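Paired with subunit B in one complex and with subunit C in the other, subunit A is shared by the two complexes that follow.
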Partner chain A sequence: MKRLAPVVLMKNELAFTTRSFTIDTYLGEPQNLVRIFSELDAHEIVVINLGDLNSEMMKILEAMSKGSYVPLHFAGGINSASDAALVVGLGFEKIGLELRSLDLDLPKIQSIAERVGSTSTSASISVVCNNLGDYILWDWKSGTRSSIGLQEAVNALNGSGCGELKVNSVDRDGSGLGPDIKLASQVREFTDLPLVYQGGVKTQADVDFLWSLGIDCVATGTMLSTYGPHKAALAHYPLSDEMELRWR
Partner chain B sequence: MNRVTIIDAGIGNLPSLVSAFNRLDLECKVVSKPEDLKTTMLTVFPGVGHWGQATSRLLESGWSNAIQEYVQRGGNLLGICLGMQLLGRTSEEAEGLGLGLLPMSTELNEAHGTRVENLGWNRVHSPEWSAHDWLGVENGRAFYFTHKYSVSPLNPQQSKLLSTDFPGVIAAVQLDNVIGVQFHPERSGKSGLDLLAKVVEWAEA
Partner chain C sequence: MEIVECKRCVMNNTAQPFRVNSEGCNYCTPAILRIKNVLGKSRSDLLNIVSSIDRKESNPHGYNCVVGVSGGVDSSWLLAKAVKLGLKPLAVHMDNGWNSAQGSHNIYKLLSTLGVPLHTVVLDWHQQRRAQLAFLNANVVDVELLYDNALQEVCYSVARQYGIKTILGGNNSLSEGVEVGRNWVWHKWDGVNIRAILKKSRVSSANYPIFSFYRYLVYRYVWGIQWINLLDFIPEFGKEVALAELQRDYQYLPYGNKHFENVFTRFYQGVILPEKFGVDKRRSHLSSQIVRGEITRSEAEALLRLDIYPSRALRRQDIESICVKLGVTEAWLQDYLAQEKGSHRTYMHDPTVNYLIPLYSKAKSVIRQLTSRQSERNN
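The block that comes next holds the complex of A and B.
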């Protein structure tokens, strides 16, 4: 069954949405957002941490886990299999790991998949379109384009032991311009792994269309965390009856 | 007497489960030593991870014997995810003996003709021969699954069970006082909380 997952992006105990990977709208306490999305019966909640995985952060993650009755996915600041095991031990179902370097990140993904299991290991790639119209990876930490092509990255992840792949369109991030259909379709062709797409999603029609392309889960921050043209902070989620009809 | 006991054998995620029972206003006790597993209305056996590591740990720590004796005394047991698989005897994932409380083995999902990982929400269904909904679970209710292996009951018609819309995957199985669920009720939103409440009602009856 297809999923719609709110994204809770956070740093220094604050949640926010981004546009082109820069802060756009502040949303308050991240653990509060997680609790609200859980009460709204979200299919899954994706928590992305842009800060360090320190003791304060672990306390926040523990509070999130206790306050949620739906699956939790955590990404950001995981540097080792031990880090991943700690977060899984708090009750998070999935660990998200960004692929920025084939040499450095693939072994890490493999070791984490071995430690916490492939179904708990979700690899992600952030993608931009270059001047030639080709998709290449984006390193959000350094803010630079990589030389790794989309297909090369997906092929590498297919054999990495991860149980899920998440693709983020940097060009559409927080834009509300609609998803990058070409990107989503290409990644779907390159892998049989369960696939999550994030970037540019604005309406339920966008979500429905991505689902129809074979995307297993649509992740979105702005669409579900803000409301109206001025992007007022307001967490919302389709009613379960409405979602039930879409699943049929 | 505590109404619900949760086994902490070092192979499960406990905080979310404790939180779910607390949400149902149920007193809940976590036990981390086999000798502390006493008479209780319901014992929950959560599990995540690898079959081989889990069976070694259960055997070495004494949990295998403690759980088997608890069930033989008539105690009600709910196994969750790997905790469900460990109610059987063997698994394709690794060597090591499970608890042998239910006549079933565990196989790779691929062996059932589907892709390996089952990540996400699946509907559950009562089998055709079953006259009643299992524990009042409506046909078509969705629960959250995350697993690579799943159980294969040796005599499916002798157990109460639920199938899923993910081909070949058994969602739940029950034989007498032992229940196993492959999905995570503590992470299945309202469906999961409703189910946990039903399991408690069943255990109290």
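The block that comes next holds the complex of A and C.
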């Protein structure tokens, strides 16, 4: 089934939207946001934390998973297989792991996939376009481009045991300019893994188009958490007919 | 305390001051006058006020009024009406971290169908949580004072930010004509009281939107922003009519009770007020409907016998999520509910809004009565 997943991005225990991977609009309190998306019957909720996975964070994650009836995906600050097992133990379906360097992150992804299973392991890559028009990976922690090409990264991940691949377009992130179609279709060619795309999605038409390209899940923060020209914080999600009936 | 009930409406002496006579009480009698006043308004009164709004359009976005939307029936219907009257509203929403899914969905459906842009002010959650705990620690009755007050400040400050000169308020005499008991709430303009309560728990009030009478004077007379309760010019407005229209045109989802679009308000009206303070705010809402002639007194009494919460499961769920979000245990909450009631009066409060303004309006009504008697005699 094709999915549409809202992204709840946290920093210092508060939710934000981002623009080109920098903090943009303050959205409020993340637990409530997750609860709202869950009650609106979102297909899946992607929770991202910019920061360490400390005990405070674990408390928040526990509350989120208690308050949510839909599959949750967590990414951010997971450094070992035991961290991943803890988060899965809280009730999260998927663990997101960012690939920033091949020799450091690849073994980590492999060990986590072995521990919690492939279907719970989702690798993610953040991609920018360089001056020559080639896609290369972006290291959000240092804020620099890395030397790894898109194809090289995807090939490495194909054999890493992860069960899903998430692609973030850094240039389009939060811009509302529409998705990077070229990037999405290139990645689709390079891999047979289920694909998640994030970056620049503005309307339902964009989502439908990405689905038609063979993307399995479209993740978006800005489109589902804000509304209108003033980027006003307002969580919303296309309601299924069944939900509509249940509430009426 | 012996319960004394009004014969016309369902207010009783849990609301103080409470005076009854053979016809009604001091809550429904003025409400009848107010409703009569609104029902006497003609279409031209409405058009006059709308045209006065139109002329004040001066900002780059082309908006000519601000409408605060909570997701509730009154404000949603007001927004739809404003658009139909040819106004260009900017919707303003204050997010205090307790929005319900239905509330968000309703606002989104309404705004996207009408094509009205939104500005949301999201309160800083960390500060917000501490402020809320300060109010609970003070054991005062009006915990919602914090938001009701902040909402006015937010509406005015957004109007100021966009250069808009008119705010349309959803307050109205038709659906909330019978006021809530004087002792159930505190004066909503009393910023001094809020600051004092926050200070007691050493919570900073800097950067928190706090409204006061003095802020009002500045917004009104320096920046020239006027607040109009537009629904008081629309005699056909009624809760049932509005709800039916919203459901038909905007797939609006009802909440089952007034102000239940917000999780904390739901909890406040459903648990804190009845269990700690012995107050049932539905009495005032239902009395308004009785006075309006929408329901009979016996129907209202039957409704009052139902639980305030639509279901036990929802109540359980709300208590859990409130404890987790505020970072307190359920034992703490039980302890809070059992504690002695506190009073707003023990904290510093603003003499202007609490004594001078009531005195002024009292004097005004006395003078009006005297002059009308005088003119009757002359006739």
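Definition applied: the second predicted complex is superposed on the first by the 241 of 248 C-alpha atoms of A that agree within 3 Å, B and C clash if a C-alpha of one lies under 4 Å from a C-alpha of the other, contacts with A are read in each partner's own complex, and residues count from 1 in each chain.
The rule is simple: a contact is a pair of C-beta atoms (placed from the backbone, for glycine too) under 8 Å apart; a residue touches a chain by one contact, two chains touch by 3 or more.
From a predicted model like this one, the values you see are computed outputs, not experimental measurements.
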item	value
Which superposed partner A:35 touches (first subunit B, second subunit C, both, neither)	second
First, second, both or neither for A:216, with subunit B first and subunit C second	first
Which of subunit B and subunit C A:43 touches, first, second, both or neither	first
Touched partner set for A:206, first subunit B, second subunit C, both or neither	neither
Touching partner for A:67 - first (subunit B), second (subunit C), both, neither	both
Touching partner for A:24 - first (subunit B), second (subunit C), both, neither	neither
Subunit B versus subunit C as contact partner of A:105, first or second or both or neither	neither
Which superposed partner A:229 touches (first subunit B, second subunit C, both, neither)	second
Shared contact residues on subunit A - subunit B and subunit C	38, 66-67, 247
Residues of subunit A touching subunit C in the complex	13-14, 26-29, 31-32, 35-40, 63, 66-67, 227-230, 232-237, 239, 244, 247-248
Of subunit B, residues touching subunit A in the complex	13-16, 18-20, 23, 48-50, 115-123, 142, 144, 146-148, 165, 184, 186-190, 192-193
Complex contact set, residues of subunit C against subunit A	93, 95, 97-102, 104-105, 107-108, 111-112, 117-120, 122-123, 125-126, 251, 253, 263, 320-321, 324-325
Subunit A residues touching subunit B - in the complex, by the definition given at the top	1, 3, 38, 41-44, 62, 65-72, 88-91, 93-94, 116-120, 163-164, 192-194, 216-217, 240, 247
